[in-house]
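Next come two complexes built around chain A: one with chain B, the other with chain C.
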Partner chain A sequence: MSVDVNDLIDMDRGRVDRSIFWNDDLYQLELERIFARCWLFVAHESQLSKPGDFVTTWMGEDHVIVVRDRSGVNQVLLNTCPHRGNRVCHAEVGQVRGFVCNYHGWSFGLDGKLRGVYEAPAFERTPGFDMGDIGLKTASVAAYKGLIFATFDPDPPTLEDFLGDFRWYLDVILDNDPDGTEFVGGSIRSVLACNWKIASENFAGDALHAGWTHESAAQALFGQSVPRLSDDPDSFAANVNGHGWEFNLDLVGNAATLGDRQILRYLREREREVTERLGEIRSRMVGSISSANVFPNLSFLPGQNAFRTWHPRGPRTSELQTWVLVNKGMPEELKVAYRKGAMRTFSPSGVFEMDDGENWEYSTQANQGFVTRNQPLYYGLGLGTEIEHPDMPGHVFRGQINDANQRAFYRRWAELLTDPPTAASGR
Partner chain B sequence: MTGERARNVDFDAVLALEVAAFYALEARLLDGERYPEWLELLTADVHYWIPGVENRYRADRTCSYSADHMAYFDDTLEDLRMRVARFQSGAAFAEDPPTRHVHVVSNVEVEATPDPQELVAHSVVIDYRNRGDQVGDTLYGRREDRLRRVDGNLLIARRRVVLAHSVLPSKNLNTFL
Partner chain C sequence: MGIEQPARLSLCLAADVPVGTMRRFDVPGAGFVALYNVGGDFYATADTCTHSAASLTEGDLDEDFVICPVHFGMFHVPTGEAQGFPVTEDLRTYAVEVEDGVVYVVTVRDPA
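Now for the complex of A and B:
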């Protein structure tokens, strides 16, 4: 790389060089220094209730199996046979006793250890062959209140340190009920011709687009526009370690888009209990007009309860996987209402999401033009709005119509890209 | 299902043609974004369902799609009306200029049901979509409908579309299948 990453973003002025959405070398650097290093969301604990339960997912472009082993520990295994490299798991969800490679019959336990080989005597006669030396590459695994994260960093910070005080905000959705959360069944996957960062930064902080981009959905659902947010005195952007959450305190602004009275009643009825649990501010964030991103690529919408990851597929394409999060203790009919409502609003067929993809695709694809990608982008909205807040931790900014979280996202991005990996990384 | 069971022994050529013509009309309305007219082809109690499809092992007792899992559409008539209202709001910027659709419906098979007013129809739907100067994409799905005769006209009372895609090959599903 001949480019100095720090020359590509100027967050004091709020400027971004568009090559970060296009350049192949930068993309390879992202795979190494962000996706092979950060704690990445891989599954919800509710997807793995019994030993042998597994899901497969992506950490960057590395395919992994997330599986509960016989001792009840959640393992994250690189889905590639150490013999010739074939996948050892071809389903995206299910229940297994182990993993067997289709190519030469090598079999692995739920902990990733090599358990058996086909034509074993030939291997046993081979000098230096030791089953104990060979297995599926494992990642470090940790969970925060139901969300399982993994990292291939050989010397990672703790997940607690990685999330930092963002946990205070995460508790709004992960810990507003004593029984915790779960994913409803299944997930939906789709492909967007956009850079992963354009989607992630949108969820980290882009309240500005809500009223404009999503006018059609607001009209269809409510017969009126999304409320103007720029003068809302109780509206904020908060960020910690590059993670961002933009929000107001209207309790039900996002949730109202689900168009279901029983959901609104549920939120209002629980407000007092949530206040006792999390305090007044966070009790007003549970379903409010808001969006969030855990760096680098786990995004969610409080209120709609849509969770998603933007898996990078080269600098110009992303694969989106969407789930729906509900409180485990919620009545069944409410879980159904959330599942259907989240899909109707934020899935590839959702009336909100349908208007996002086109914007992000052209924000990416326009950069094919040499002159185009040499034009800087403006990220200066809300410069100088940082405040000290007595209750809210992290960097807090007045007004959710703000680029503050996007700037924090790119600061973190540049910090990681300019930090060379230690010798053992990715090995 | 045995070969004999799979074969439709009571083949009704006139009815099969009527259903095929009904689907051709429906496809033409969808291609023309004539969504309010399309809604008139549905019964008031319609259930319109396009489930998400997962890659699961054959031994898995859970099907690759199921009623309690996430779906692209899991809609009542009221839900479908809301979606049509979005298309018609004049603010669906991602649809302006419009997407060009070609819905192709084929492999139509019709089965009688115990209810003389209702029949089951199987079909395959393909939708080629093209926007702006992009290459476009093609969606494939197998449909099973419950059609009901109301005042002499066929209406869709239940539709299930099982896509051939575990990953939707594009950013959205901006039509009905």
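Now for the complex of A and C:
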């Protein structure tokens, strides 16, 4: 590619070239250097309780099976037969003994190893044919407090290093209760005509849009506006390795949009316990006005407890998967309340989701115009607001009305795109 | 081939194959035989799947069905009946007798 990626973003001034939301060559580079390399969220451990339990999902545009094998280890298998390339699993979720390709009957164990072929004697007579050499490609797998991640990087950093100090923030939602977390219900799927980065960067840092984009939804749901945040002394943007979390310390701001008093009561009653566990700052983050993104494309909303991945489908389309995360130890009726609340707000028919989708689609599709896509975008909000904070790790910025996390997101994006993969990548 | 002569061969102690498990034996005159313990009752069938060349005892025993490890074809253990695609040919079954805690399989005498 002839374009220098570093010319497309200027984070010292806060400028982004719109071709990053439109250009097909850049998109192919993203698949290779971001999605085939980063640790990507693939499942929650609660989705796989017994050997043979599986879900299918995507790592970039690569379709994968996440399955618990017979020894209880979670495997991530590329869902493509090494014989003629057909999918070996066509379901989204289920329980299996193994995977058999529909095309020629090649059969694979839960560990991805080839266990048998149809018309075996003919293969066995073939010089050089060795079942042990052939199997489903596997990804490296690791988990952090219930979240399972996988990577196709042949020489990945540890998941701990990839997440870095962002784990301190992740514990707000993953570890505020000793019993841990689980997903409730299934996965909500939808397609948006927007570039995946527009959605990811919104969750990484865009508190600004909340009061404006979602004004009517806020009025409809709880009869008042989203609070003005620009002068709030207790609001921050924090980022680590391109992961971002913008937040307030108001305890219940996001949770209130679910419109269920028992959820607010639950958060208030647990505040002291969470303070003992995580300290005062993080206890106030649990349900607050906030949003977060784990680079590249796992986003979530503390308070609404909606977890989602924006799977890229070309530069102009994203496929969204949404799950609802709750504390395992929570009473059953509260789990139902969170599930219903998340559907009311952040599903395809959710009041906030509809607001966002419309904006993001126009932000992407406007770039059809040649002149339009040659106009730079402004990402300078909050330049110069970085602070040292005694408790909060990572790069911390005063004020959640800030583009700081978006700038960090694109810095990380450019860093990965300009770093050629090692020879073994993707092979 | 002459007239088949029944032969009774001891396989193992009943305690060696607990409820819900199966075990493979190389039986003279019969080849590989799978011995199953289904809820305390013993059954025996050929161990090789009638579809491909897999060993059924490397698969799963699910109540009174055995499932092949390769293409997951399923057989009814007491009767050997193939349950559906890709297995269409039934398994050969053998009579099993338990006496004084010893399991015997009844097969045919090797004509040699």
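Simple rule for what comes next: the second predicted complex is superposed on the first by the 427 of 427 C-alpha atoms of A that agree within 3 Å, B and C clash if a C-alpha of one lies under 4 Å from a C-alpha of the other, contacts with A are read in each partner's own complex, and residues count from 1 in each chain.
In this text, a contact is a pair of C-beta atoms (placed from the backbone, for glycine too) under 8 Å apart; a residue touches a chain by one contact, two chains touch by 3 or more.
Owing to the predicted nature of the structure, the values given are computational and were not obtained by experimental measurement.
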Fit-or-clash call for chain B and chain C when the two complexes are aligned on chain A: fit
Which of chain B and chain C A:Trp323 touches, first, second, both or neither: first
Touching partner for A:Ala220 - first (chain B), second (chain C), both, neither: first
Touching partner for A:Leu264 - first (chain B), second (chain C), both, neither: neither
Partner chain in contact with A:Met354 - chain B first, chain C second, else both or neither: first
Touching partner for A:Ser187 - first (chain B), second (chain C), both, neither: first
Contact breadth on chain A, by residue count: chain C or chain B: B
Touched partner set for A:His90, first chain B, second chain C, both or neither: first
Angle, in degrees and to the nearest 10, that opens at chain A between the C-alpha centres of chain B and chain C: 80
Minimal inter-chain CA distance - chain C and chain B, angstrom: 13
List of chain C residues in touch with chain A within their complex: 52-54, 59-60, 67, 69-72, 86
Residue ranges of chain A touching chain B (in the complex, touch as defined): 90-96, 184-194, 213, 215-217, 219-221, 259, 319, 322-324, 336, 339-340, 343-344, 347-349, 351, 353-355, 357-359, 361
Sites on chain B touched by chain A in the complex: 50-52, 54-57, 60, 62, 65-66, 68-75, 79, 82-83, 85-87, 89-94, 131, 166-174
Touching residues (chain side chain A, partner chain C) in the complex: 97-98, 100, 105, 107, 109, 115-118, 120-121
